[in-house]
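Pasting in a structure now, in structure tokens, and then I'll have a few things to ask.
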Amino acid sequence: MTSNTVDQKILETVSKLSNPESYKLVCHKHMMGEPLPSNKKLKRIINLVREILFPGYFGTTTLKTSITPHYMGVYVDELLEMLTGEILAGLCFECTDESELRIEKHKNPAQEKAVAFIEFLPEIRRRLVADVEATFLNDPAAKNFGEVIFSYPGIRAITNYRIAHKLLELDVPLIPRFITEMAHSETGIDIHPRAQIGESFTIDHGTGVVIGSTCIIGDNVKIYQGVTLGAKSFPLDDDGNPIKGIPRHPILENNVVIYAGATILGRVTIGENSVIGGNVWVTSDLPANSRVVQKRPRDIPFMDGAGI
Amino acid sequence: MTSNTVDQKILETVSKLSNPESYKLVCHKHMMGEPLPSNKKLKRIINLVREILFPGYFGTTTLKTSITPHYMGVYVDELLEMLTGEILAGLCFECTDESELRIEKHKNPAQEKAVAFIEFLPEIRRRLVADVEATFLNDPAAKNFGEVIFSYPGIRAITNYRIAHKLLELDVPLIPRFITEMAHSETGIDIHPRAQIGESFTIDHGTGVVIGSTCIIGDNVKIYQGVTLGAKSFPLDDDGNPIKGIPRHPILENNVVIYAGATILGRVTIGENSVIGGNVWVTSDLPANSRVVQKRPRDIPFMDGAGI
Amino acid sequence: MTSNTVDQKILETVSKLSNPESYKLVCHKHMMGEPLPSNKKLKRIINLVREILFPGYFGTTTLKTSITPHYMGVYVDELLEMLTGEILAGLCFECTDESELRIEKHKNPAQEKAVAFIEFLPEIRRRLVADVEATFLNDPAAKNFGEVIFSYPGIRAITNYRIAHKLLELDVPLIPRFITEMAHSETGIDIHPRAQIGESFTIDHGTGVVIGSTCIIGDNVKIYQGVTLGAKSFPLDDDGNPIKGIPRHPILENNVVIYAGATILGRVTIGENSVIGGNVWVTSDLPANSRVVQKRPRDIPFMDGAGI
Amino acid sequence: MTSNTVDQKILETVSKLSNPESYKLVCHKHMMGEPLPSNKKLKRIINLVREILFPGYFGTTTLKTSITPHYMGVYVDELLEMLTGEILAGLCFECTDESELRIEKHKNPAQEKAVAFIEFLPEIRRRLVADVEATFLNDPAAKNFGEVIFSYPGIRAITNYRIAHKLLELDVPLIPRFITEMAHSETGIDIHPRAQIGESFTIDHGTGVVIGSTCIIGDNVKIYQGVTLGAKSFPLDDDGNPIKGIPRHPILENNVVIYAGATILGRVTIGENSVIGGNVWVTSDLPANSRVVQKRPRDIPFMDGAGI
Amino acid sequence: MTSNTVDQKILETVSKLSNPESYKLVCHKHMMGEPLPSNKKLKRIINLVREILFPGYFGTTTLKTSITPHYMGVYVDELLEMLTGEILAGLCFECTDESELRIEKHKNPAQEKAVAFIEFLPEIRRRLVADVEATFLNDPAAKNFGEVIFSYPGIRAITNYRIAHKLLELDVPLIPRFITEMAHSETGIDIHPRAQIGESFTIDHGTGVVIGSTCIIGDNVKIYQGVTLGAKSFPLDDDGNPIKGIPRHPILENNVVIYAGATILGRVTIGENSVIGGNVWVTSDLPANSRVVQKRPRDIPFMDGAGI
Amino acid sequence: MTSNTVDQKILETVSKLSNPESYKLVCHKHMMGEPLPSNKKLKRIINLVREILFPGYFGTTTLKTSITPHYMGVYVDELLEMLTGEILAGLCFECTDESELRIEKHKNPAQEKAVAFIEFLPEIRRRLVADVEATFLNDPAAKNFGEVIFSYPGIRAITNYRIAHKLLELDVPLIPRFITEMAHSETGIDIHPRAQIGESFTIDHGTGVVIGSTCIIGDNVKIYQGVTLGAKSFPLDDDGNPIKGIPRHPILENNVVIYAGATILGRVTIGENSVIGGNVWVTSDLPANSRVVQKRPRDIPFMDGAGI
């Protein structure tokens, strides 16, 4: 191909790609100076929160009693500034006001939400301590709390969820979903930030877990990898769009255990103390103390060298 | 251990590891100056394509109408250079010509493939717009297109697939598989670049999805996390090696929905408008409008405090 | 909110977060100058091992016969230093000796373990060569060994497992689990480092695979994505804590194949040459040459426009 | 030293260092969310300007005629955003208004100054072309323009000066001085941004050159390393502070040449076409066409093995 | 050149370069696990000290009165750890004990020196405040303290000197010289850490300033760029090596001013209040209140178009 | 300013800046895929050479006798590849052949020059050992060879010079000048790579030293900061361009010492064993054993509070 032919083809393509008609549905218009949500900053925010909640594991704190409060002060100060910025980015992202003042008008609300989140951190720590304890007690392979905190993907995913859930309660747009997606990408565990999850929650291994947005989960619940708590069908409005906000995911009462790969769909209730075996498909309510497993598999003739 | 003992043990091991017999099957000989495929550059390539296709979301474009064409030009120009380089790396990787000119002889073909890919970008954008629309309509939890584009792993995986599929059609070796593996690692969604996928495709949550290399998927199909579209057994040639290129994965016709964790194996056809429940195992054809779910689970006696 | 209000709320929260009562269960006290396990260094260690084992794929070696031994020497030397450091970090992490000499007392053991690991590298290479060959033969879509080594997540996960397993045999704490968790995060494949896995092992696609800590896996075994080899319930001691170290995961004999999404729980034995279909739930022994699949799904009435 | 003693000493010092009395003169109070001037961003700004002015040398432009305008558009767009930010940082830095709105009130002026600077870029390019030409003609060791643009410290320093001078004319505080100090650190050439410098200016080698803030330099002037164009004494006001803004540095008329290490102090005029030899000390006017050198050195007795 | 010829030449050269005879004078043998002084860490140390001393200028402190002590605590804690490490590196570097315990034996002294340095920080701040004030008063072009602290190379060089001088008083080897060389490279100002410098010291512009190791400088001294305070000849011992530690550099009494490019050599005393003009060469004492300048230059005939 | 006004002004400026007339003299046209000289890679090259020449100081070599040759092999191998690339970049930069094959035709010469350079490394080490010894003996403040190698700017500058000089002897364009400019920027010492410098050369402090391209310097020479070995005027050709390549810089014979700030201009010869005092201006030959210093300064009346 001659150099001229290359140039011409490139320029023609650039021209097509620059046609606003072709991208009007999938572009984002933000104002100059307006922040976009930043993956890098959100990662730093999560790391800050983890260091605040679990001192000595993720940061540089050496936990001399005399110095620890200084670290808490500095981490919280940095968190306030970064979180305010990301909340602001989220507020602007969804703002439809086209005036030049839209950054300004969201600044105070952004800071207030960030402060409210920080005030809730002691409570988040209390809950996560319970989650860590439950995870440790539920796994004979765990040697100590440190290993659980440091390397268990379940704890990582629950941490991000508890952060995101609080931010969503504070009406922060977009950012909560980002935070749970970050954990999803790292751990394969996908918890919608709007789900309601009780105390002492355990997810073991976790890859493939999905917890939908209107789920309600009690205390002392344990689920394994590949468990889906999802929706069945959902009603459409007159324009054919799904109707938002209708409860459509399961309720798990206290002390429920669900084994690997089970799929529970729709607004069904799994009664307390129930145990659900792996790979089952559940679309209706189960009373308390249920214990269900898949039908036994069937044997098929063996043929040497073949698969199935 | 004395310092001398350490030294001696280390040197003996180095000597064993340097024995070509021990690595002849698992080494790669590339010529000096020849590029190896680079993860870092492929990531940049994907980001460039994403910014070109979805202006304003991933790069620095602020979408002033006056400046956007400049960004398109610059991104495309950078893409041309980087993609040519990675395609060249792929061509050299599989080349068995040992002469010193092998880099030279692949340079023009590499550039031609890169140009052909770039010419196809407007079509890729058209298809991804349809995928985004379908994903939005299929998820009551999605609040707007922006959230879908920014953070949905399904869109990320489909984007990488559509890029990789085109490169594979252009006979680019190795690189397409790298690109889908990058999405696999981030999202848990494993789509073989050779699969054929129609318009308005939705993958929800997605972790654990596998779509095999000879799959054919129609339009308006939706699949959930953990769905496998795989192969059963496959025939071996006289040397006991698997025979390549035989159709061995499912065909999904238009408007099929498959729920979480279903496994569909072999060259079976799922007829249009069919709905397949979660966790089922399907190894034979299903007619249009089928609706199948797993057998109901069986109850087993409850024993307090136990698992299963 | 006034600036003073913000300050006051922040300081009150800092004070609560600094209360040792609130974090005593979830903090880690390490001594000044004592290394913490470092994700970044462990990544470098894994990359060094991969370059040593698969020359020419991951590093800068150009595989001139004359220079390769120099690269082996330098990589091994760097590995010795870094691995000694990380092993030391692991030993200190679990050490309960509070004297200032605890770093010192672990230095020699750390180096000895690192040397012992390095001496085992040729054996690890031999095993991984067999794993690569098996993976290639088991996948009709694989075009050559290079593609398998470069981009197959199964090989990545098995590599990390074989490294971690040896380190655990050498009584290195914490680090082995980190190494398998790194592969878990990248590939969705979760292999406990204590599991025993034979030769020529294949994991295809792999997302969602879980292999528990007391599993025993024979030679020529192949498993697909979403397969769980897990535990059922486990006995508690008098304090209600799980009893550690009891065999509670499956044994797979030679030549077993397990399809996607199957869940096998408890200390059951799957006899040699058995084939297990996808999505089944197995909690009891299967004799050699078994071939089991899920019960056929049931049809349910089709309703246009609905899901399930 | 016991661990307690260390802690105590550290805390006492922290307390002393936290005493506002001790730092009140040397601290900087900026508001939350307010930008501080950033070295990293200023470096990017300088690199952007250099790539705009000298296409093909410093960036990724490959200078295909068809694509170059796109690069110009994109670089200028990025420059507008970054420069606006740094100018804003400079305006806030010197602002004494303590209200929360001070960021807002500087935003528009910052953008206007950035636009005005960008409009002046074509003129800066014209001047720098002349500087490059003069430098090339004045150095027999220079092989081509490319070498001069790429690696001559004189051109680097003059580029930064011409940028900084324009910003200072636009009443941008602090930033101009930063920009010339960046060149000072890299090249050892210290040009005050307020100095007035004519066309076709050459600095050879340059280390140690100082050009004071009220200097006026004509066209076709050439100076060598170590030349000082400085001030003598300066008058103090009634409080003993130096009076700002009084002309106190030399005037060099057209075509003056000054050799290495000469020191010219005070508001003296060096007439056109004058040549000043190295290492002289000049504190009074010189008429046009002067040619002055240092008094001849004196011989002193030679003593073997000694210095001086 | 054939590939074999290249290989052979390379290997022959590697062999020559590996001959210990060829490098025995210019190699450094450090023990495994022993730290080498690290430029990157020393830069971080200097930045930490600067942020501690000048709050709000170089770090992230926003100087809310309530939070500042937390930042001080955290910076000092990080400083303690990093400085201990670098001092240890310095002690090991010069240690001739070849036993494996040499790291151990220097650990406590390293920490003690670090603590002693930190205790001296308030005094270093006090002195630097005086240096900043003097610099501001001596430069009519300076607009405020902020500009001086942020961008004046003299303050940068004096800061590094005052840090290095204290470390040297604490008998820390190697590191003090590194720290002043870092400032030398950035600013062109070369102050030996052993020099003794009084209060309210000003260096203007500074490039080329050299202050030798046995200099003694009083209070309120000001020197300009290119000033050398150096040694003349120095006595040799019987082996022909220079005798270390003999006073051989100038003494400047209080209130001395030295203009650009003056060279003062040997153990001479410049009496208080003296003013020394630029470019003079002084090798003997000057009484108080001296005022000396270079002999007037001589005119030489003008020849059009020529240099000198 | 309205957003439209900004856009319009920006676009007008972009259009002016894109006018090829405005940049035709100061642009660089390189072909796609052609390397530009890279500062980052040249820095790595210099660091590699330094680690090869001074083992144990700059890299990770721990100088175990058994491993050092491996490091030499690996460093040399990396050097061969990187240096070949940068030499190729230099050859292309000055190449006026516009065909697409110009990269190809320079590849072999680039590699040959790189090999020839590497073969010369043992000799460069021999010379630098002598330079280090001389520097140590000439400075009473130096405590050991390590300090000299690690932190003396003179050694840094001479190292870069000796590398660049060899490359220039091998007719490598552009790159040698880059390498000496890198040292110039770091140390303030500007040695032209074409200068000829003998053995055991010492530069003390060094800021402001300039050594011109046709200088010839004997053995055991020592110069101090601010010394210029430069050119006076130079003849022009009929077009007014300076005639290249004429000897126009000084010759220093063996054992010459030149003190700080002296300026020696033109093709003059300073006879062996001569000592030249600081700040003198020399433009004519000096016989062997000369010892010259500046005329004594003159006193001027003292005026309290004034400068000069």
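Per-chain residue numbering starts at 1, and chain names A, B, C, D, E and F are given in the order in which the chains are listed.
Everything that follows uses one rule, which is that contacts are C-beta pairs under 8 Å (C-beta built on N, C-alpha and C of every residue); 3 or more make two chains touch, one makes a residue touch a chain.
These numbers come from a predicted model, not from an experiment.
Taking the mean of C-alpha positions as each chain's centre, the chain lying farthest from the centre of chain A is F. Chain C and chain D have centres, each the mean of its CA atoms, that are 56 Å apart.
Distance between chain D and chain E, defined via averaged C-alpha coordinates, is recorded as 23 Å.
The set of chain D residues that touch two or more partner chains comprises 10-11, 14, 32, 62, 64, 67, 69-70, 72-73, 77, 81, 188, 207-208, 226, 234, 259, 261, 265, 277, 279-280, 283, 293-296, 306-308. Two chains count as a pair here when they touch; such pairs are A-B, A-C, A-D, A-E, B-C, B-D, B-F, C-E, C-F, D-E, D-F, E-F. Contact residues on chain A toward chain C in their complex (touch as defined above): 52-57, 62-63, 65, 68-69, 72-73, 76-77, 80, 108, 111-112, 115, 118-119, 121-122, 125-126, 128-129, 132-133, 137-141, 143-147, 149-153, 186-188, 205, 207-208, 224-226, 232-234, 236, 259-261, 265, 277-280, 283, 293-304, 306-308.
Of all the residues in chain B, the ones that touch chain D in their complex are 60, 62, 64, 67, 69-74, 77-78, 81. By the touch criterion stated above, chain A contacts chain B in their complex at residues 1, 6, 9-18, 20, 22-23, 25-32, 37, 93-94, 173-174, 177-178, 181, 184-185, 188, 190, 192, 194, 207-208, 210, 212-213, 226, 228, 230-231, 234, 240-246, 248, 257, 259, 261-263, 265, 273, 275-277, 279-283, 289-296, 305-308.
The part of chain C that touches chain E in the complex is made up of residues 7, 10-11, 14, 32-33, 64, 66-67, 70, 80-81, 84-85, 104, 107.
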